[in-house]
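Shared between the two complexes below is chain A, which pairs with chain B and chain C, respectively.
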Partner chain A sequence: MDKRFQRVKVQETNTEARYERGLVGDILHTLKGNRLAMLCVVILVIITLMAILAPLSPYDPDAQDYMAILQPPSSEHWFGTDELGRDYFTRALYGGRISLTVGFLSMLLSVTIGTLIGTFSGYMGGKVDTLLMRFTDLFMSVPSMMLMVVINAIFPPKLYSVIIILGLFEWCQVARITRAETLALKQRDYVIAAKHLGASHKRIIFKHIIPNMSSSIIVAGSLAVARAILTESALSFLGLGVQLPKASWGTMLQSAQMYMTDVPTLAVFPGVFIMLTVFSFNILGDALRVALEPKMIK
Partner chain B sequence: MKKYIVKRVIGLIPLLLVVSIFSFLILQAAPGSPIDNYMQPGMTEEQIEALKEEYGLNGSIAEQYWYWLKHVLQGDMGTSISKNRPVTELIAERLPATVSLMGASLLISIVCSIPLGLIAGLHKDRPMDKVISTITYFGISIPPFWIAMISVIIFAIKLRWFPTGGMHSLDVESTADTLWHMVLPACVLSLNHTAVYTKYIRSNTISQLEEDYVVTAVSKGTNKNIILFRHVLKNCLLPIITLIGMNIAGLVCGSFIIENIFSWPGIGRLCMEAVGGRDYPVIMGYTMFSCLILIVGNLVADALYAVADPRIREGMGRK
Partner chain C sequence: MGDKKPILEVKHLKKYFPVDAKHTLKAVDDVSFTIYEGETLGIVGESGCGKTTCGRTCIGVYEATSGEVLYKGKDINKMTAVERKEFTKKVQMIFQDPYSSLDPRMKVHDIIAEGMQIHKLVSSKAEEIKAVQSLLEQVGLNPEHASRYVHEFSGGQRQRIGIARALAVNPEFLMCDEPISALDVSVQAQVVNLLVKLQKERGLTCMFIAHDLSMVKHISDRVGVMYLGNLVELADSDVLYQHPLHPYTKALLSAIPVPDPDIERQRNQIRLEGEVPSPMNPPAGCHFCNRCSYAMEECSCQTPVMREVEPGHFVACHLYDEMK
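Here is the complex of A and B:
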C-alpha cells in the first residue's frame, strides 16, 4: 500500500513540476533526458538548415554540364553528378526543401482537419459523435495510398495538389486522438465551470479544450510529418507525386532508378535523407508521447 | 460466431460502396468521356447515341452509377482499352502472383516479429531492447521502395545472389525458381510490417508481464519458460490477428510499389501499366479489387480472432 501512495505522490510532484515548466519547457526537459531524441532534433535541425541555406551552394541545381555526367562523389561534387551533369548534393538540398515543405504543410492540413473533426465529435457526443466516428473509421480503412495513386494518375499532380491530397487522407488518426481527449476534458471542472458561466461552445472548444490537448497534437503532428514525407516520396518515386522540373527526394530516386547498375550512389543519398528525416520525426514523436502523457509517468 | 461474422460483413459493405462511388466519380471526372473509347471516326450522332445506350452512358450520373454498379456486381468491370480484354480476366490472371507475394511476406513478418518482440519485451530498457527497438524504428522509417532499390543493387547487381526482378527465369517453370525470384520482393515487403508487429508484441509483452496472473505464477515458482510460452505468448498473439487484419491495407499498397520495382507480374504492376496507358477501366478495376482483398483479409482476420478468442466464440454460441 505504501508503495502505491508513494507512486501517487511522485506523480503529483511530477505533474506540478511539469506545470511549472510549461509546455515548451516540458518538451525541452524531455529532450534533455533522452539522448536519442536529442540526436534526432539535431539531425532535423541540420537537415532543415541545409534545405533553407541551399542557395548558398556554389552550384545551380538546374545547371547542366554535359562534360561531367554521372560522376562518382569527389571533393568537387560531394555526392557526384546526375545524368545531366547537375551537382547531386545541391539537388539533394533543394529536394529537401520540397520534401520538407510537403511534409509540414500537409501535416498542418491534416492536423487542423483532424483536430476540428475530433474535438467537434467528442464535444457534441451522441449521434453526431457516432456518425463522425463511423466516417473516420471508414476513411481509415480505405487504402489511401492507392486512392492517391488513382487520383494522381488521372489528374496530373501539382505541388499544391500533392500537399492537399496527403492532408485530406491523413487526418483520421488525429481525429481519433483529439476526440478521446475531448471526451475526457469536457468532464473537467473548469470546462463545466466555464459552461455554467455562460461561455459559448466556440469559446470552450477553442479556449479551454484545444489548448489543453496541445501536447497530444504536437505528438500526432510529429508522427504525421513522418508519414507524409514517406508517402510523398513513394508517390513521387512512382512518378505520381512531385513532378519534374521540381524534384523532391522521391523524384530524385525515381530518376536514379535508371542508373542503378552504373552509379548506385545516386540511389543512396536521397534515400538516406528520407530515412533520417522520417526516423527522427518518428523517434521524436514517440519520445514526446511517453514524456507528455501523464499516465505513462512511472 | 456466425452472427458475429455476418455482422462484420454488413459493417464492411459501406466501405465497398464508398470506394465504388469514389472510383466511379473519378472515372467521370477523368478527361474525356468514357464513350470516347468506343467511338470510331466518322460515326453519326445516332450511332453515338446507340453506343451510349449500349454502355449505359445516357442518363443522369446516378443512373450511370447504378448501371455501372450492377455490372460490377455481376463481375463485369468493363474492357481494358489498351489490351482489349475484360478487366476481370486480366485481374484474375495476375491475382495469384500478388496473393502469393503478400502471403509470403506476411509469413516472414510473423515468423520474425514474434521472437524479436518477445525478446525486446523481456529485456525492457536493457541494451537488447534498445537495439531491437532502434531497428524497428528504422524498419518503420525506411521507404520500402528505397530499400528495394538498395537490395537490388547489393544482392542482385553486385553479389548476383538473386535475380533483379520478374517471377520466372526464361523458359523455366518450377516452384523453386519462383521462390528464388520471390525472396527479395517478399523480404523487402515484409520489412515494414515486421517492424510494426515487433513493436506491438514488445509493448504487449511488457504489459502482460505486469499482470496479476504472471505475478501469481512467478510467486508460485512456475518455470519462467512455461509462463512465457504458455501464458504471455498466448495473450500477445491474439491481438496480433486483428493487427494483421488492420495492416492489410498497408500490404496492398506496399505490394503495389514492390511489384513495380521488381517487375513482379501481379495486379499492382497491371495497374501501373494501366496508369501509363491511361487505361481507366483497369485502374478502376484494380481499385475495386484491392478493396475486395482488403475486406476479405479483414474478414478472415476477424473470423480467426473469433475462433481463437473464447470470449467471442462462446459468447456467440450461447445466444
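Here is the complex of A and C:
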C-alpha cells in the first residue's frame, strides 16, 4: 500500500478512537500527550500521598523540643525545626493535610452550589436568569477577602467554617460557566426530545444537562481547588484561617515571618508547597480545558 | 379514505420569533390544515420556509404566537399538566439530525427506555430490558447494541435509535422532521421503508416534513407545499404531482430532475427569478408575488387565502379566485 494511504488510515483510526473514548479516556489521553500536565499530576499525587501518609513520620507535629529550636535542615530534621523545636517536615505534611482538605472540600461545595445555581438559572431563563445572574455579579463584586475577615471575626474560625466560607465565595465562577453551557445545551435536540417525552425539569437537568457538561465542571473544579488553597493560605496568614496549634501551610508562613531574616527556610518550605500545588492545579486545569472543550462543541 | 376523522387540526397558526426590538421573524404565518387519522401528510418547501417550525409548533415544542392546534378536539396550548403529559405519550417526533438528537452521555438502552420510565409503562427492570430489545429488533438493530453509546453508530443506525425512542411510548401520531435529509441516499430508502412499515403495523398517523419531493410523493397520502411561512397548496399527493395549481408548486415540481438525459434536456423547466425574500421582511400581499410570472396587480396588495378549488384540493392564489 502507498505510504500516503497508510497515513490517512492512521489518522482515521485516531479520529475513531477519539469518538470511542469516554471522559476518563479523554483525560488520560491528554495527560499522555502533555508532559507538563503529567508532571503536575505526579507532583499532586506525591504531595497528596505525603499528606495522607504523614502519621508515618517519627515525629509528632505538635511535640516541642526546646533543645532544638530553629535548626537548619539536617539529616535528622529534613526541613529543620521551628521556633518551638517542632519538626518542620512533619508539620509541613500535616499542614498539607489541612490545606488539601480545605481546598478539596470547599471546591466540592462551591462546584455544587455553582452548578446548581448556574444550571437552574440558564435552564429557566427569563426573569429568574436575570435575577440569579445579577445576584452572582453582586457576589463577585464584593471584596470577598474583607468579608471573610469580618465573618471570621464574628464566628470563631474552625476548620469547617473556613471550608464553608471559602465554598460560599467561590461558586460564582462555576455558576457563570455552567449557565453558559446550559444555555447552549438546552437548545440541543436531545433535550427537546426528552422534554417532548414528558420528562420533568429535574430529570432533564440532572440526566441530560449536567452529565453533558461534566468536563467543564472538572476544569472549573481543578481551578477552584487552586484558588481555595491560595485563599485559605492568605486567610491563615492573616491569622483568620485554621487556628494554632493545627498547622496549615498558611499558618506556617505566618509563624515564619518573625524569623524571616534568621531562618528563611521556615518560610521557603510551606511557600514552595503552596506554589507547587497551586501551580499544578492551574496547569492541569488549563490542559484539561484545551483537551475537553472541542468535544463539547462537537 | 371514506370516514375521515381529524386527529390534528391546525387553525390560523402563527409563530413569530423576535429578532430584536424592531424586527420579528415570521417563521409560520397563518397556516391552517387538518390531518386525518391514519394518513400521512407530507409538508414540502425549500430551506427556511418554516417547515420545521410549523411541525414543531403543531406538536407543542414551540408555543404558538397565535392560532390554535387541536389534537382530537383539544387545544394543545391550553392543556393541563396531566393532559399535557398524556399528549406527549400520544405524539412523538423524529428529528432531522441523528447526531444531536441523541444524548452522547447515555447508553442506547437508557435513551430508548427514558420514555417508558417517564410514563411508567414498565413495572420492572426485566420488563424494561425486554421492551427495549423488542424495539431494537423492530427498527432493525441488534438487541445487543443496547449497552453501547450512540457514538458507536452510523447516521442511519442512530436514526433507527431515534425512531425506537419515539415508538417506545406507543404513540398515535408521529411528526417526522426531515428524518432522512441528513442520511446517505442508500440509507434514506431503508429508513423510509422502515417508517412506512412501522406506520402500517401500528396504524400511526404521520406528518412528514421533507424537501425531497419524490420521497414525499412515495410516502404521503396528501401533500402540503409551504413557501415563506405560508401554506400555498394542499392536495392529495397524486393530484398535486400531476395537476399542480399554484405557480410555486409548478416551479417546484418542474425542478425534480428526470432520470433520462434526453427528456431532461428537452423539457421545459420553469426557472424562478430572484431569491427567496427574508422572512423578516416578506413582500406585501402574496409572499410569492415578486417571483411569480403570473403576478397581477392585486397580488402585491392582497394576501390570498386558502380556497378549496376542487374537492380536497386547496390553493392560496389569486389566479383561482374567480373559480369559486
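One rule holds for everything that comes next: the second predicted complex is superposed on the first by the 275 of 298 C-alpha atoms of A that agree within 3 Å, B and C clash if a C-alpha of one lies under 4 Å from a C-alpha of the other, contacts with A are read in each partner's own complex, and residues count from 1 in each chain.
Keep in mind that, in the parts below, contacts are C-beta pairs under 8 Å (C-beta built on N, C-alpha and C of every residue); 3 or more make two chains touch, one makes a residue touch a chain.
On a predicted model such as this, the values are computed, not experimentally measured, just so you know.
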item	value
Chain A as common anchor, with chain B and chain C clashing or fitting	fit
Once both complexes are placed on the shared chain, angle at chain A toward chain B and chain C, C-alpha, multiple of 10 degrees	100
In the superposition, chain B vs chain C on chain A residues touched	B
Touching partner for A:Y190 - first (chain B), second (chain C), both, neither	second
Contacts of A:F237 with chain B and chain C, given as first, second, both or neither	first
Touching partner for A:L49 - first (chain B), second (chain C), both, neither	neither
Touched partner set for A:G198, first chain B, second chain C, both or neither	second
Touching partner for A:P143 - first (chain B), second (chain C), both, neither	first
Chain B versus chain C as contact partner of A:A267, first or second or both or neither	first
Per-pair minimum CA distance [chain C against chain B, superposed on A] in Å	17
Chain C-contacting residues of chain A that also contact chain B	none
Complex contact set, residues of chain C against chain A	59-61, 84-85, 88-89, 91-93, 95, 97, 100-106, 114-115, 118-119, 149, 151-152, 162, 165, 169
List of chain B residues in touch with chain A within their complex	14-15, 18-19, 22-23, 26, 29-31, 134, 137-138, 140-147, 149-150, 152-153, 157, 249, 252-253, 256-257, 260-261, 271-272, 275, 280, 283-284, 286-287, 290-291, 294, 298
Chain A residues touching chain C - in the complex, by the definition given at the top	19-20, 22, 188-190, 192-200, 203, 207-208, 211-212, 214
Complex interface listing, chain A residues touching chain B	36, 138, 141-147, 149-151, 153-155, 226, 230, 233-234, 237-238, 240, 250, 253, 256-257, 260-261, 264, 267-268, 271, 274-275, 278-279, 282-283
